[in-house]
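Going by the order they are written in, the chains are A, B, C and D; count residues from 1 in each one.
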Amino acid sequence: MTVRAAVAGASGYAGGELLRLLLTHPEVEIGALTGDSNAGRRLGALQPHLLPLADRVLSETTADVLAAHDVVFLALPHGRSAAVAEQLGPDVLVVDMGADFRLKDAADWERFYGSPHAGTWPYGLPELPGARAALEGSKRIAVPGCYPTAVSLALYPAYAAGLAGTEAVIVAASGTSGAGRTPKPHLLGSEVMGSMSPYGVGGVHRHTPEMIQNLSAAAGEPVTVSFTPTLAPMPRGILATCSATAREGVTAESLRAAYEKAFADEPFVHLLPEGQWPATASVHGSNAVQVQVTHDAAANRIIAISAIDNLTKGTAGGAVQSMNLALGLPEELGLSTIGVAP
Amino acid sequence: MTVRAAVAGASGYAGGELLRLLLTHPEVEIGALTGDSNAGRRLGALQPHLLPLADRVLSETTADVLAAHDVVFLALPHGRSAAVAEQLGPDVLVVDMGADFRLKDAADWERFYGSPHAGTWPYGLPELPGARAALEGSKRIAVPGCYPTAVSLALYPAYAAGLAGTEAVIVAASGTSGAGRTPKPHLLGSEVMGSMSPYGVGGVHRHTPEMIQNLSAAAGEPVTVSFTPTLAPMPRGILATCSATAREGVTAESLRAAYEKAFADEPFVHLLPEGQWPATASVHGSNAVQVQVTHDAAANRIIAISAIDNLTKGTAGGAVQSMNLALGLPEELGLSTIGVAP
Amino acid sequence: MTVRAAVAGASGYAGGELLRLLLTHPEVEIGALTGDSNAGRRLGALQPHLLPLADRVLSETTADVLAAHDVVFLALPHGRSAAVAEQLGPDVLVVDMGADFRLKDAADWERFYGSPHAGTWPYGLPELPGARAALEGSKRIAVPGCYPTAVSLALYPAYAAGLAGTEAVIVAASGTSGAGRTPKPHLLGSEVMGSMSPYGVGGVHRHTPEMIQNLSAAAGEPVTVSFTPTLAPMPRGILATCSATAREGVTAESLRAAYEKAFADEPFVHLLPEGQWPATASVHGSNAVQVQVTHDAAANRIIAISAIDNLTKGTAGGAVQSMNLALGLPEELGLSTIGVAP
Amino acid sequence: MTVRAAVAGASGYAGGELLRLLLTHPEVEIGALTGDSNAGRRLGALQPHLLPLADRVLSETTADVLAAHDVVFLALPHGRSAAVAEQLGPDVLVVDMGADFRLKDAADWERFYGSPHAGTWPYGLPELPGARAALEGSKRIAVPGCYPTAVSLALYPAYAAGLAGTEAVIVAASGTSGAGRTPKPHLLGSEVMGSMSPYGVGGVHRHTPEMIQNLSAAAGEPVTVSFTPTLAPMPRGILATCSATAREGVTAESLRAAYEKAFADEPFVHLLPEGQWPATASVHGSNAVQVQVTHDAAANRIIAISAIDNLTKGTAGGAVQSMNLALGLPEELGLSTIGVAP
């Protein structure tokens, strides 16, 4: 099977990472590439690391250009995917890398995004209970947010096993590519290097309801999430430090057993040996997730920490993994668990 | 008054930062400088940024060399300060930048440091309730750890005002200088750049009992602390993200009022205007502390975040501030609230 | 003497660094601060590291606002200084931190800057032969470019002593703050971190004629300059690697003697001991210049390398140093040779 | 054909990068892995980014362990390869990633390395004139140094076409992984971040004679090289800025034509479109080389700049490329021209 794929939003970081992965995917042929302000430009000027595509020229993002592909990836600003998807027809696999179709609760969507809810598509985090089945054969996929990917994988086993209290506290550090490629003063290299800073503090970050949705589903009861994202002086990577009160009787051993069971057959999630902790450099450019968990007996808390590459497993790699499932391809095809380090 | 100061451990990062500050302190004259493996070497080869001291040569760390100074700063590995301090006589002001005399509870010390407790000295965090009085005129000062400095200043007002529940959850990111200057594989630039990683997870970091001591004192009841330190790809700075359950009736306004009151007369702690959050770059090289606090109503948590320079306010600046108090000098002398940014 | 100083362009990196220095200058009182797009905003939101000025509000850049000061610093985009300076009257000391008045040759100016030449003011690099005298008592100062500062100080002693051939080859690495604070895609942290890249290659960088002017003056004959600037993943600092053919008879010793003589009385330029090489971290935030020179006998070339902080000695510190000379104050007043490292 | 490969020195950066590439090489099976001080340890603790090899345990580096493989890669400290290679027999393909067999001139070797010359093996830079033929079918390969790779590819076309004068001036910036994984004070993250510094200045760097060898061969006459390496605050990448006097009649067009011709059939060397310059981030993790060249008419110099990943094309990728040639496999097998950016 050769799958012809179009990428809308090929000049951004998510689009660039997706193309990096698709270039080595054995069943994918790269079709139309679109951009908006960059339409008409050579990809070599915009994504100079993608040498094999250097001479490709970006088109404008229209349904005409995107139609006639087997798969269309949408790496567009929030709120733009629905209009494009509608015109693509039910036989085209549409993979939305934006937020538009992630949330089930329309009120949550409206509160956090300020626009009408477009709907809900199968959620592209195959590792979550039940998610794989919903993705298989689907023609629509909502790729998760990068933070919810890191956080949900770190904490869902504790919730699914009934080990964690319902008030999760999460602090995550992200590389700057998570903030996108649009130039803004606070994202300048001069501002970012040598500095750690929080943003979206106090429950206002848009990924919060997505985490609540995932963890509550795993727990079978409502979970609250206190989420603080921070910007770290590195281009890629998310380190998510997640904790929750340990339910009575929880031990380091019962925690480890729950995580071993949860990840036993997962091709991309790697529970580290005891005593070894995740590092974002270890998953740089890879679709792997490093997880470690322990029990702080004095504070009676479960501490679960994950590291992902925000652009790979956190965005484009997750998209390809879900595409594979939707198309009936091997889930790991074209993806790697090997990082580029140091 | 001219104060003659000796620095034991002048070749490390804490010692270097201390010298940077003492060089511009109007009442201090820099006396003996010592190092161990570096005894006999020019300071210019070890601390090339301290040009005015480039031709100074390090001595070995002995009481003979350190005696005959008004102030002796000890920037030595943990466990070595007591033996030196004993030989220095009661009239010399001894400022210990190590951990030896920070903890009140001998059992805590022994559990976390694995050696007999040396005693407890006045604690050099003047902003804490009662701390200033204990420092004034003292001849012995225990400089706080860098993380406890950042965390205690972020959270004590909430505890002192009775607004926060007793289970604090803290995730902090530190620049690499906090790990010292002894070469270790995981501290190599190649490993550190582009990577975030946790360490000392699960309640085992040695700064944990110090935070518990400070926050419990502020609260007037025992506080537990879940503390996760992370290593960030930057040379300096600590960003501490601290949270606790909000007690009934807490609002963003009551929180802000408590913090405004706590910091109203503090020369170095700066509560940022609403909506602005701390950044480590803003306090680079300065003794300032940036703090912001909010209430996450959905999760019912207080989120307090602080940024310090781990070497300045977190170590050497804190030491000078306490020295000023001990000597009856103006507390701000020789210290700055101006950062070096970008 | 208290000097009242205004700063036009207080929201940029050069303006911010200037304010950082002026805040601790014992004879300066900071007056009006202006910005254009940022007029009306609190400085605390724009330069959060300058805590003592946090509540200052920026005015628009007009002659009315700037007049009635003893000194006016212009940190404006190229081409805007002349119009402002004209309205300020001959008694106000005007220090232009832009390029407008640096070049003597109008044709050079027009070729590199594409606009009519505004004139030539005394050149604010006091270390160059004859420069100090021209600055003393002057009411107009053209602050040098950051690269020409680093390069001229590294090479002029070799030219002044007749040791170097007339074809200089220079490769310099600059921190990103040298490119300013206007957000541009290639200056995003995501692009800059982990990357070295050249720009302005092939003799087209605007600082080239300024270097030629300085080195030719030192040599007493025309010098050509091949200059390649590169962008380095750090916020501050310039490392300039400069070389030229060694004239007959040149040895490491004769070179060293020439440099020792040139810098013997210089308060800010530090010829490192033999075998020690400059590092930008060592001059971070300081007005010091580290220089080292050697003779590559096999290639018969003089290699002279300097490190400066592009914002301090390379811009704002150089401006203050020249202001001091113009006002008859001690040249070193308010400036430091102590870097903030690590 | 399945090739069984052993790697001696699997715990260092070169060894780790080699394993990263071999893991996805379709014709290679990874056999014995050795280390010295790390013998007995799990690879997962040393190279946590290589998940598929996490459970492999390192052996000691002995000929017994390495024998019985088709290919043995030696990533050992300089001076150790000869003794190992001797014991491996003439049928084993031995790829030395150290310096021992790179230089043809024994006197050069002894002057720069201070030990007896071990011999000369076919030089693993296939792009150089004549190099490919010498590698095909060879059982011994000397992998070039990282700097000579970047520099030779940037400049040899100008020399081969007779366009450049014989005095080359080279300044290169390298990421810290080029300095290896042995912990040393100046390689600490705290020292490296935010700093540019030179080392090995004045013709003493060991890669200098290797560059001279390559460029002189291309020129057909002796070329001198003034080489200044600098350490940049990034983990990977080399940016080499190379220049030489332009011979009479050289123009930007004649230069470009020479480079287009030289690289026309090269799978890994990419001459960028006019006006676009190399960046190390664009080749991060890839075997690609970005090159650009221009003529500075005012200084009459050719400026040629290349960017490589020092660990990939500069070491391990170059090793695999040469292995492919030696074994009669397609030269590009298992290698990529796609970088991991941002």
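As a convention for this text, contacts are C-beta pairs under 8 Å (C-beta built on N, C-alpha and C of every residue); 3 or more make two chains touch, one makes a residue touch a chain.
These are the chains along with the protein names UniProt gives them: A, B, C, D = N-acetyl-gamma-glutamyl-phosphate reductase.
Predicted model only: the values in this text are computed from it and were never measured.
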Pair joined by more contacting C-beta pairs (A-C or A-D): A-D
Far-end chain from subunit C, centres as C-alpha averages: A
Centroid spacing, where centroids are CA-atom means, of subunit A and subunit D in whole angstrom: 35
Whole-Å separation of chain centres (CA-atom averages), subunit A against subunit C: 45
Where subunit D touches two or more other chains at once, by residue number: 13, 175, 177, 188, 190-191, 193-194, 233-236, 279, 281-282, 284, 342
Complex contact set, residues of subunit C against subunit D: 167, 169, 171, 173, 175, 188, 190-191, 193-199, 201-203, 208, 224-226, 228, 230, 232-237, 239, 241, 243, 245, 277-282, 284, 292, 294-301, 303, 305, 307, 342
Subunit B-touching residues of subunit D, taken from the complex the two chains share: 13, 175-177, 179, 181, 183-185, 187-194, 233-235
Residues of subunit A defined as touching subunit D within the complex: 13, 16, 20, 23-24, 42, 44-45, 47-52, 54, 177, 193-194, 235-236, 270, 272-273, 276, 279, 281-286, 288, 290, 336-342
